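Order as written gives the chain letters A, B, C and D; numbering starts at 1 within each chain.
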Amino acid sequence: MISVEIWSTLAIVAPVVGALVSLLGGRRSILAGMTLGAAGSLASAAGLYLTVRVNGVARHALGGWGRPLGIELYVDGLSVVFVALAAVVGTAVGVYASIYFGEAASSGDYSTPGARGARYFAPLSLFLWAGLNGVFLSGDLFNLYVMLEIVGLSAAALVTLAVTAKATQAGMRYLFVSLSGSMLFLLGIAILYLVHGTLSLEQLAQARPSGLASASALALMTAGLAAKTALFPLHAWLPPAHAAAPAPASAILSALVVKSAFYVVVRLWLFVFGLTLPGADAQGALVLMGTLGAGAIVWGSVMALRQVSLKRLIAYSTVAQLGYLFVMFPLLTQPSADAGSGAWSVDAWSGGMYHALCHGLAKAAMFLAAGNMTYAVADDAIESISGVARRLPMSLLAFGLGGLSLAGVPPSGGFLAKWLLLGAALEAGRWIWAVVIAVGGLLTLAYVLMVAREAFDAPEDPGDFRAVPRRMEWAALALAVVAVLLGLRGVEIIELLQIGGVGPWR
Amino acid sequence: MSTLVWALDVSVAVLLVALVARAMLTRDLLEAVVLFIAVGLTLSLAWVRLGAPDVALAEAALGAGVTGALFLNAFQRLARTGPGASDAGPDYVIDRGSGSGCGVLRVATVGAAGVLAVTLMTILVGIPLRDAMLAQEVRTSLEQTGVSNPVTGVLLGFRAYDTLFEVCALVVAMVAVWSLDRGNRNFARDPKELREDPVLETLTRLVAPVAGVLAVYLVWSGSSGPGGAFQAAALLAGVGVLLTASGLMRPITSGAPAVRVLGTMGLALFVCVGVGLMPWTGSFLAYPEGWGYAITLVLEGVLTLSIAVILLELFIDVPAAPEVDPRLATVDPTGDPLGRTLTLDGALIRSPEEDE
Amino acid sequence: MTAVLSVLLLTAGAFFFFAGTVGLLRFPDFYCRLHALTKADNLGMGMLVAGLILQPMAWATRLQLVLTWFLVLVAAATVCHLLARSALRQGLEPWLGDSGEGR
Amino acid sequence: MSSEIAYVIAGAAVFVAGLVGTMGRTHLFWKILGVNFMGSGIFLILIAAAPRLPGEGADPVPQAMVLTGIVVAAASSALALGMALRVVVRSGGPFLSEDAPGPPAERTEPEVDSPGPRT
């Protein structure tokens, strides 16, 4: 019987080894490295899923030391969901990138500005992947910091792979946000260590941190992570960075990287600090997060509607959709008759996390599809994509399916997520959150249709299309289809999300 | 006596704050960079006073030394880049920006910073003193790691996983810098001119062997006393910088297979050891009973070499930004992966970079 | 006896460091300041090391102290030379008494 | 007031100074310096404030954390400096476009060719 030790090690090690292999140089080693990383991640996601389904929460004491002395990997349903998301998105993007950069790689001339992407996309994205899996599996505060740094460094480098001045500026800004966010996070870690004398998440959770010092540590960490995850109003860095990056990099950034910081927020708020537990009395903080999330939904959607550039529109859509993840927080506790303590809302929890999952898949699909369209027409303006409906039906389908899933059109995965959130809001009689959720969905539909309408227009000058390789279209479509299909097979994932140490199961 | 020591500590602390404040407020970049190095050295004094000699070594060698050298090198590149660099003197190295006409804003910023600082201090000073539980645990279990320096024990034993990814972060930074475009890599001066510098050359010939021995000693003694792979690597990288600057060694190139192999070797070996022993130990990065010391020593040796190469590589490649690359003006604004000039309808379309 | 000598040397070393620092702050031009910094401080350093060696300690530690002094000496001399030459090449005129120009 | 508290207070001040520098200065190099100082402040706090065993040096766990932090900071500074120099080369100044000082200067992009028709 292969144990959790093997699978969790595989999730961390496979991308690192893949990155090292891909650094050897040459197209074959890049392909081999990507394959290794993707295969390892997919296998480990499946293995961890089975382990957690059968045995529940699993731990891997690295080096055999165990907490508090050593570092532990901690695997519950939530970790598995995110590792699986990273595996699926990473694999699809890897396939896409091998074609996208493929021409440059096969020409063997790495000296052209853009061809650097051909050589360095694979190692950087694989290191990023390792960092992401490390974040999702980590059970140790300081280890989270190290992993987030790896994610931040490689993500910023991915943005600057598009060598334009715009991209360099955006990457630089992103690096600063990432580094200063990390510093705030690290200060929070320092304070928590000084107060509680341990770095293990589980031990901290048992200590039930409270009091001024711990609260300020949480505030500092949340501020740093909010900057990293581009929570409104700290989102200004995201649209330029995600719009200027090469298309496969944009997909990874929007789908996975911002989620990693969000994941840490969830771990801290719900798991370590247990802010939704009876008696935590943190409704104010939860509502504040929800309010920022609501602001993100409205502001991001309105800004998306006003964009003239396709990739910027999608980037603003990311800002908006991240808002839903934070709107989840106030809905997690249902107000009950006896004031102070609230009951845990399974619907809100499942809905929020399900949304993270679906958004990851759908947004990656949309960015890849947008990459195909801009590649075909050699322009990023929305008005220039007219006619892609005829030329690139598969890409447009991928974009549309992804967009509809985000908008929450049944039977997509996004629909299920929004339905659960809406249900939680209505059940608790908090109609204002319900309105925000519904309005956000309508706005999403509006900007997706705006792009689709342009795509169906007849092109002014037919014949100006570059041929888009088939596999690039298939990669986008595959992700979009998975995003929709998630709406049909929600039960397993929602059950999986209940396994673990968050909320009342602690 | 204890009052004197106390006065020393307080003056070091005050000096630190003064240096940092000055570095953040000055408009002269060279001054700020030199102050950064001074802060690093003062910090290592503070580390010694706080009973953390390992950190002091690392701070002096890495924080002040290598990072400082990196800043200086980048500064020099910047100074030679500005529009006025050739005739009217330095341009980008004096920050004239952001000041004029917003005095109210500046006062508000300083006030807010003061409030923030005082709040932070109050919170930190208010933390009640607890038992040193984890330090106690480290002391109890240190024997099992095979080393007797508790810091090395934590770094390569208990928390080896963090150290693995710390090395990984260095490799990521190196690869990321590779992925930036590079132009002229002769960072300092003309190689011909370099050879005519007998003083620097003599210094290098004198210091390099001593530093090499010292690096080996640091790795060796790291298991029982202060020292270890990172400090030794910073020292070796310093030797590399000297060798390169004095013209005794050609700048290493990122394309060279040797650099790639050496730079990634440490990480690769770390992963291999971690995974390779799993069949016997059952968990990642666990070492079999009694093998801790040997494995740690070998690992530290290879890591030292690897990290030294990475640091030297960063030192040389970071400032190697090319002069404006004319090809950049022809890059497709939509992020064409090839960065080539586009051909649509047989017509060349060259889109100069636009700003928003 | 050695204790007294040690203290005397240490005091003298501290004095030279102090003098070097005063020179750094008060001397009129770059070259003079460089001179104060490297020459006076090197002498001070030597005296400090000599004074410390006379204190009771292991021979290995004494050796380390001498080695440190030697390295600092060589490095300071080289750096002084490099800085002065670089300044001269950039056209920085030395100060030549009160009537001289070039400050 | 013991020595450790002096260092803790200095650490807090250094952190805030670095934060203000990172946020307030527009020049990229000062921003990078600021991030480094933020880190140094945290390291001081961590080692100075952690309780220690009688008769021993600082708590080894924070020492190891700080060592890791110093290395990570060096790596991030290297990447940040490299990127900053590319920003200088590509967009004419060590500033991010929104906070470039003064009125936007005339851009002197080398025009390789006259801009072609855009679709």
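Throughout what follows, a contact is a pair of C-beta atoms (placed from the backbone, for glycine too) under 8 Å apart; a residue touches a chain by one contact, two chains touch by 3 or more.
Keep in mind that this is a model prediction, so the values were computed, not measured.
When every pair of chains is scored by its C-beta contact pairs, the maximum goes to B-D. Centre-to-centre separation of subunit A and subunit D, using mean CA positions: 26 Å. Subunit C has its Cα centroid 57 Å from the Cα centroid of subunit A.
If you average the CA atoms of subunit A and of subunit B, the two centres end up 29 Å from each other. Among all residues of subunit A, those that touch two or more other chains are 142, 146, 149, 153, 156-157, 160, 163-165, 194, 197, 378-379, 464.
Counting partner chains per residue, subunit D shows two or more touched chains at residues 15, 18-19, 45, 49-51, 61, 65, 68, 72, 75-76, 79, 83-84, 86, 90-91, 97, 118-119.
Residue numbers of subunit C whose C-beta contacts span two or more other chains: none are found. Contact between chains, per the stated criterion, is found for A-B, A-D, B-C, B-D. Against subunit C, the residues of subunit B that register as touching in their complex are 199-200, 202-203, 206-207, 210.
Those residues of subunit B whose C-beta lies close enough to touch subunit A in the complex are 123-124, 126-127, 130-134, 137-138, 141, 157-162, 165-166, 168-169, 171-173, 175-176, 178-181, 257, 260, 264, 267-268, 271, 274-275, 278, 281-287, 325, 327-328, 331-340, 342, 344-345, 349, 353-356.
Subunit D makes touch with subunit A in their complex at residues 15, 18-19, 22-23, 28, 31, 35, 38-39, 42, 45-46, 49-51, 61-62, 65, 68-69, 72, 75-76, 79-80, 83-84, 86-87, 90-91, 96-97, 118-119. Of all the residues in subunit C, the ones that touch subunit B in their complex are 67, 71, 74-75, 77-78, 81-82. Contact residues on subunit B toward subunit D in their complex (touch as defined above): 5-6, 9-10, 13-14, 16-17, 20-21, 23-24, 29, 32-33, 36, 39, 43, 46-47, 49-55, 58-59, 62-63, 66-67, 70-71, 74-75, 77-78, 81, 83, 92, 95-98, 109-110, 113, 116-117, 120-121, 124-125, 127, 129-132, 134-136, 138-139, 150-151, 153-155, 159, 162-163, 166, 169-170, 172-173, 176-177, 180-181, 228, 230, 311, 314, 317-319, 321-326, 328-330, 344, 347-353, 355-356.
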